[in-house]
Amino acid sequence: MEQGRTDLALEENERIQTESAKLKGVRAEEEYLDQDDIRITTVYIDTENAAKKMGKPKGVYVTLESSAMSMPEEGESRCVSEQLAKVLKQLLPKGGEELSVLVAGLGNRMVTPDALGPQAVEQLCITRHMLKEFGPYAYENEKTPQVSSIVPGVMGQTGMESLEIIKGVAEQIHPDVLIVIDALAARSTRRLGRTIQVTDTGINPGSGVGNHRNKITEETMGMPVIAIGIPTVVEAVTIVNDSMSGFLSALEASESMKKLSDSWRHLKETEQKQLIRELLSPQLNNMFVTPKDIDASIKQMSFTIAEGLNIAFYN
Amino acid sequence: MEQGRTDLALEENERIQTESAKLKGVRAEEEYLDQDDIRITTVYIDTENAAKKMGKPKGVYVTLESSAMSMPEEGESRCVSEQLAKVLKQLLPKGGEELSVLVAGLGNRMVTPDALGPQAVEQLCITRHMLKEFGPYAYENEKTPQVSSIVPGVMGQTGMESLEIIKGVAEQIHPDVLIVIDALAARSTRRLGRTIQVTDTGINPGSGVGNHRNKITEETMGMPVIAIGIPTVVEAVTIVNDSMSGFLSALEASESMKKLSDSWRHLKETEQKQLIRELLSPQLNNMFVTPKDIDASIKQMSFTIAEGLNIAFYN
Amino acid sequence: MEQGRTDLALEENERIQTESAKLKGVRAEEEYLDQDDIRITTVYIDTENAAKKMGKPKGVYVTLESSAMSMPEEGESRCVSEQLAKVLKQLLPKGGEELSVLVAGLGNRMVTPDALGPQAVEQLCITRHMLKEFGPYAYENEKTPQVSSIVPGVMGQTGMESLEIIKGVAEQIHPDVLIVIDALAARSTRRLGRTIQVTDTGINPGSGVGNHRNKITEETMGMPVIAIGIPTVVEAVTIVNDSMSGFLSALEASESMKKLSDSWRHLKETEQKQLIRELLSPQLNNMFVTPKDIDASIKQMSFTIAEGLNIAFYN
Amino acid sequence: MEQGRTDLALEENERIQTESAKLKGVRAEEEYLDQDDIRITTVYIDTENAAKKMGKPKGVYVTLESSAMSMPEEGESRCVSEQLAKVLKQLLPKGGEELSVLVAGLGNRMVTPDALGPQAVEQLCITRHMLKEFGPYAYENEKTPQVSSIVPGVMGQTGMESLEIIKGVAEQIHPDVLIVIDALAARSTRRLGRTIQVTDTGINPGSGVGNHRNKITEETMGMPVIAIGIPTVVEAVTIVNDSMSGFLSALEASESMKKLSDSWRHLKETEQKQLIRELLSPQLNNMFVTPKDIDASIKQMSFTIAEGLNIAFYN
């Protein structure tokens, strides 16, 4: 069965980890913080050859996983943001100079599960205009980076690709690094609101809830691009696909349904695929599945990302 | 197969119309406005006996259907709101006296597909406070009704049932009629944003995107209750259920799959049901499916409802 | 000169403290927390006689003052909310039973300086629905109070007085105590965003940015009412009045203007008043003065109030 | 007395019209639409010499004035937007080719009186992405212009000047013309919500509620810039200044105060100015005065501007 679209590296990671055992140029690390119940998985794709085999660009893919991420007790959120800050600090460019960072909150602030990026950006401490006006002594900490931010909106609102807007802004202010925050589509409802993915490979077409059509990467932007994403929806077709898979597995497992399963198996693979495609309503293509309490989890998760960035920048 | 939850009378109407041919106490009318491409279906359940047989309370169920409802060209929206106003005028209490109306916008304004009611209410002309302060001559039209409104929010925000809030408010201001506006869950993605349902039977448990648990009806409120609803989501379980149905129908239709279909049919019904239940992930229970451009259609549809109410009240 | 409208007890307190020295039935206490730069002033009006003389109802008036309140460094906000929580705990009803609290966020969420109450309420932990559904064991802490909340909106939106809505809701759910949060009008721009006022006397007519016309007090509600307010605007007439006062004082102070001042003094008081009244444009009556960065301070202050309430309820 | 800051050309126009009678290179026209009670004033500054004398750049300044602008009856708004569209059509570049327009909504969407630009832009029909994807036949009208939009936010949110963001975006998409929408500061409360000002000279420093510090003009942008503004606030210092002026005029008018007035006049002008400056509280500098119902008027006025633009673009 054709695989549903996924933006979530962890899901890929599962494949990756299995495959990477055999693959030169790929390394995977896993850390489990018992006290905070946070799992951090890091996958390095080191060579072009490995990248080709993995079907993903060369780079670092970090996943923070925590069962309580979207609805934590007070204090737990702080643990996650501190780990996120640690990860970000490793990916941010180093240097003696004051760092200049542009943070872009992708997505549609008017559609709740797509509002992660805009809401996170709203909670950032912004410093660029103060440093421009008052110089390096605007803040007590002389190493305070120049942080600026942009919420590019979505094409239906602006008539422009997010890339066009971010690139235009970046060419005016020349940041050292671009950080993009986006809500992602996961392959499974189990992932929703439970993982933060950070990568230095940027954002690729078809990523995110809102389907950006242009790459936002070091290649297209001319500067390092760090992407932070949290899955907030599953595409409707994925849900149905998964259920069909479950159905067919169940057929195989059940004794009394053995015969049914057998006759399914006797179908040619093309017949199987066509059957499934036919019953997927075309209306499902622009539909997504999201939890009823998505407002509360977007609020929590955007806060965690903003807190992680603020710690990484200013502590 | 167990039917998915539906709040949409039109879907019921399809059954109803078929059944009502044979049923005493049920009348159905249909009107098609060719010029505006609007179909208006009215079902009257007149007797307690018919109500029992239909599984729905006695009352009037009107459905306005228009393919272009959620994204109309300029002007088309006005046609729909004028028809809605006409329907509302027939359901509103008559009398020589100035009418007092309380309009409640149900749902969660922070979750886009559930924000229909709150957004519609924001666009209403509110008059009660002016009439209270300046008397019947506050407006040129001396028959201007006393319109007030409330957005009760959802339980996670208030800790209260919508019923508790609306009832409390109504007991203070004693309106002649309550109008509730709510986003509904449809059985099919084809319905989304294409029908407005108006009924004088109020809102029943499990209705709406947000799952109100208490009836808001003439019985619980002590005054007539008119409900206006538009389907904005489909529950995730419904989507999967439908796909499974399609799958099984396809099995029956296809010659080469005849055998598979046969073996399915030879399963006992309980075995069939269990199989399906097993493969529906429990996480799906609090998930809904909604279109990616839901922000634009909520904006349009809430405007149409508000315009319909404003015309009904003030023209 | 007639005094501008003020909702701010601290301004009254200045009078009060001076007067209370001589007044039976009034006690004033002041505490200064050096480390956190927070000043807490408590005035008790103990007797009806004193109340009459003070022109304010019997009760407790607490004012927390901190220069950095609306724009604190991280951590400072917590100090203020902890002090607020301490004050609230003293005013909340005591008893062995689980407490039931209704919190009302007054004001217009669409007008930034009036959005304090609605924004604070949005950040509260709401528990009533969980305790209703799962009983006293819904939370680890068995003494978790039943917290519910309501944002009544403003008359132009609802057609109703805030009192009508809150009273209606309260009569449905019978809380032990009502807490109202409201943005206040101060007499001086120096106060804006720098003081939190807490009182057990409720809200009185003409209070707040939005001019509620009905008392929300123990007398009208039938239960204790705690009011929390922060000044976010100054009425335009107050600003002008103050400037005029300053002008006239300046006249008296300056030697070279002695003559001008003298001729002013030779006017009858009624002539003085009329002169000032004439030059106050009637348009100013519904205008208020507010800082340009009011969005940031409302965000910060609503967070502080919500944090204070959450600590008072759950710690 | 030093004049308060004003962005409103009409106020300047009053001076202009008086002066222009005598001034070469300045023409003024006035049109009064009796039926709709709309006054349209057009001032042309044609020569550099006149521009120098007027203290304003060469260009066209159009002002639409209507007493009912911010709170019109249904239908009246349409009259204003149609006149606005007519004015815009005259200022938009002509040519056989499909026009490409970028519309920028300046201001802070989180501060009600500054949200005019962002709210207007939200109600625009955006076409650029459709024309890019489907070519000139995307719309029935083959002359449909390419409309795109940007809400740059304010410096405290982005760390960037509006100019930097708009310029960056414009350099990516190369529009033929930039239209900027901004809330203005008026010199008098009487102007608030009653005039729309359109000019082809762009936006100049210190304009608007939010104090943009960089010019957004044809010179800085490299393309024609049309600015649309509506006054929504008066600066607090202006209010006080005006009241002082009124006070002093009153002194002169009143017989019994003759003496006072005389002694004021005998002060040197520098003494007068210093006196006034002293009594203007420095806190007033970042304060503005705005009506209590500003949310309703921003909603109405942003709709009128968006409607005017939509008519100008697509009719």
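Chains: A, B, C and D, in written order; residue numbering restarts at 1 for each.
Rule of thumb we're sticking to: a residue touches a chain if its C-beta (ideal position, glycine included) is under 8 Å from a C-beta of that chain, and two chains touch if they have at least 3 such contacts.
Not measured: the values here are computed from a predicted model.
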For subunit C, the least number of touch steps when starting out from subunit A: 2
Centre-to-centre distance between subunit C and subunit B (centres being mean Cα positions), rounded to whole Å: 42
Separation of mean Cα positions, subunit D and subunit C [Å, integer]: 36
Residues of subunit A whose C-beta touches two or more other chains: 156
Chain contact graph, described as a line, ring, star, complete graph or other shape: ring
Subunit A-facing residues of subunit B, complex: 108, 110-112, 156, 189-190, 209-211, 234, 236, 239-240, 242-244, 246-247, 250-251, 254, 256-257, 259-260, 262-264, 266-267, 271, 275-276, 278-281, 283-284, 286-296
Residues of subunit D defined as touching subunit A within the complex: 122, 126-129, 146-151, 153, 155-161, 164-165, 167-173
